[in-house]
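You will see chain A twice below: alongside chain B first, and alongside chain C after that.
Presenting the complex of A and B:
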């Protein structure tokens, strides 16, 4: 054995143990019907062994699939909207204009707001007597019950997500836009290319990698949407805004079916990894 | 084919004036070299002609059209950047026919013809990333030339390529211009490039246009000491002296070096006495005397240093040592401010 390996072996084993242990533990629990109320500590979970029953329950879990669908809906709406807004703002901010520095500071502020605070903020904004309705009253008297209507609650939640995460998209895309060589853009202009042609033939191809990264980061984060949303709606009304994370949270803390939660978690982890691999390969092309 | 008129063209960056009001006529189909040291405002001038920079003052006309309100995409000038600005994410072909494609024109045989002309045929479908500087440089010229612009602006196109290739490109650029008869403005800090290629040279320094004329005019009759020193290799010898009137002629007292032969014209007070190194002859009888301090033998010529004076002779010339007498030919006189008398 090499000296270096021998010296670092204890540390390596520790790191491996730390990263793998929770997964192994989850795998173990997912094969049982154990719960913290079952009276036995977790190592004795084998007493409640039910082999793959938790896994075979997954396909029939209607609430799970609905939550998954809702999460994907939030993802496919919010991420593109954030991308387009971020790109538009980025294109604006690569040029100089008066007051740019101030506008920049204000723009990236939402990103710094603690998600829980953002949740309360939007909870207030979307109250029946809240500022959003006040604003809409300009067009006539309205009392829209945003957070108690199943679809409108979903809209409100998405608005909050877009508000909070467009700045990140903007920052990443601005970094990419600044990196597009000015000389090439000028050369294209002098060869008669219109702004749109320049964007399509010079800017976009040069931003391919950074766009892929930005979309990937936001897609993964959007899939895990929880904090702001949970404070705004608690997943309600009913299960109208219940996303994957909210569903997990509820069945873990309310229903206490930990064996099933463990099975679900592993299932989601594996399928998400496969989906991400696939998506990255497609986008890179 | 279009003439370019610059009328009082000025550019300031904040408090810094990059270009003092400049008047210049560039004739239809002319090859004009904009010559000057680095930082003198050549690129600034070109960028304003192309429409990339807004002038602080003055006007630019193409023919009789004022270009003030015409955006750069509509000016129809060809522009070759100093760093070429090749679209490195495209192939050579995509670079060459970029302008035509953007205009919605079918490139047809034009791409192949331009590639042939510039020797790029074998490289057409190669990615342009990673090609040598020499090839990128041709590609940059071809990409603009294919649009057949009436005005072609080149900003130091040869300053990054190697010396051998530079000589080849000088000839090719000149023949390209003869073939297409564009109005060509060629920026360079290399006086040799300007002398060999240009119909006329505009010499600039510190944002001020110093002199405009044919290569021989600026070489033989420099408007001031800057132009005198900047053109030629080595540049003109410039010796401080004192003008002494003798009859209708002037002699210059060069102090310990001696008293020059008479020159025409009135002059008095402190002056600068200039003459080309190529015009110096050795003459033991001359009243001007200096010691030989150093001899540089460079191929076909040898440069003899006589203290502050440089003289150029053919390679085989016998050079005496010690103090020698010399006679300057075709001398010029400059006043205390450097202007030609």
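Presenting the complex of A and C:
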């Protein structure tokens, strides 16, 4: 066998192993009512055959659609905020100033913190007797129960996400910003262009690809949000902060309705594939 | 002048917001139980009576008056995190580097770049049921190597893409010279290319290690008791008497946070490349 093929073989095997087997198993289980508690091992799941009942259950699954809506809400708020903050910070770091390296190293720390640990940090910060309320108390006594209020809990989760992932935007956007030719910017300044004009006509066009990459990466990861959120609220109070991943986790481990979970997983995978194809075509243009 | 002042203020504000959550956890980790929660009085930002008890407690030494000793210390979870993340990194880097070289030099496996990006796109949660079923069947549930294998697959896209961009950037002349000297292609790869790529390999490995070390969800699903990793163990730390063990959890969080932060600073200049799948090279 040719060396090139031999070298790529292990990776190919792993990819097949993680995509083909799970998909086939998922497809099989999704057509049944099988669950780990059924008493039969999964190859005998056909004994619980229910055709497409799992799939027809999806449209009426209110908890699912609420979780999806919440996930998208977190996405459309957090990703743009992270982008704007990251861009602003990036612009501050284009020019040199004393202590720049140290400041840079500190600012990118949050994204290196284990997300579960970051979740725990913010869990502590948002306790009703915690530092956040303590800082707010300069305006008068505050005892907000952040994590037990449906909306405030969501706000707290988003604050944690923004804290952790703004550095990623900052890092990527700064890499793009330093690539913008300084002489052009200087020439534009001499010609009397305002900072906003310079940014819009020189910086922005050059940053297009980088901005797209940064937004795409963050949007994908934000859609999967689990660790910080689950540690902070467990999806609660009630189901108030349940996102797609949290909902999946709960019906997998608590409700154990694996036939339905499999159907849902396939549904999500197919929808995401279509969305990705669509997005890539748009981006290619 | 005013611009410089404004910029300094903005950066100081950003630094404060960045550091407060981290410093609060550090402070918490050194507080005795009596200072964990503000009891009527003002919050203690800096521990009044700093102590190492939280760390001692994690490793099974003397519970204080408030909390009973742990029945399971943090030693095994730390070991589990280390083992599964390292071996997962080894799997991802071995398969990823070989495949990246195969594609970069021989054009084999042209389907891999896109297939691996797609792998990254999907929420891991959506393929975990079949993995759990297979793992139960293979006896890999609640073992560190079962976890390592999944980590290896999950981080393979990063290992592959990173190494691919490094190989693409490498000048081919040296390899060609070695080929002319009569080396086989395999020998060129192992004796010429890989040693030359030592620094990129190290950076990519550290990057992949950070990703594996950071996992929570996969370990939450695939380990139950014997081989739970640090984040899973941390979430389970609480006592029936006092509820949340704030200090002990913060101490463990600190232990978990230090390695990736230190490694991250070490590979700072490769971070952008890693995080963007090599699309940006800084």
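One rule holds for everything that comes next: the second predicted complex is superposed on the first by the 260 of 285 C-alpha atoms of A that agree within 3 Å, B and C clash if a C-alpha of one lies under 4 Å from a C-alpha of the other, contacts with A are read in each partner's own complex, and residues count from 1 in each chain.
Convention: contacts are C-beta pairs under 8 Å (C-beta built on N, C-alpha and C of every residue); 3 or more make two chains touch, one makes a residue touch a chain.
This structure is a prediction, so every number in the text was calculated from the model and none was measured.
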item: Which of chain B and chain C A:193 touches, first, second, both or neither; value: first
item: First (chain B), second (chain C), both or neither touched by A:59; value: neither
item: First, second, both or neither for A:141, with chain B first and chain C second; value: neither
item: Touched partner set for A:183, first chain B, second chain C, both or neither; value: first
item: Greater chain A contact set [chain C / chain B]; value: C
item: Which superposed partner A:202 touches (first chain B, second chain C, both, neither); value: first
item: Partner chain(s) touched by A:125 [first = chain B, second = chain C, both, neither]; value: second
item: Those residues of chain A which chain B touches in one complex and chain C touches in the other; value: none
item: Footprint of chain A on chain C - complex, ascending; value: 4, 7-8, 10-11, 14-15, 17-22, 24-25, 28, 37-38, 42-43, 45, 94-96, 98-99, 101-103, 105-109, 112, 115-116, 118-131, 133-134, 152-153, 156, 160, 185-186, 189, 210, 213-214, 216-217, 220-221, 230-231, 234-235, 246, 249-250, 253, 256-257, 260-261, 263-265, 268, 271-272, 275-276, 279-280, 282
item: List of chain B residues in touch with chain A within their complex; value: 50, 52, 72-73, 75-79, 81, 83, 85-87, 89, 98-99, 102-103, 143-144, 147
item: Complex contact set, residues of chain A against chain B; value: 181, 183-184, 186-194, 197, 201-202, 205-206
item: Complex contacts: residues of chain A adjacent to chain C; value: 2-8, 10-12, 14-15, 17-19, 21-23, 25-26, 29, 42, 88-89, 92, 97, 103, 105-118, 120-122, 124-125, 127, 129-131, 134, 163, 167-168, 171-172, 175-176, 210, 213-214, 217, 220, 223-224, 226-227, 230-231, 244-245, 248-249, 252-253, 258, 261-262, 265, 268-269, 272-273, 276
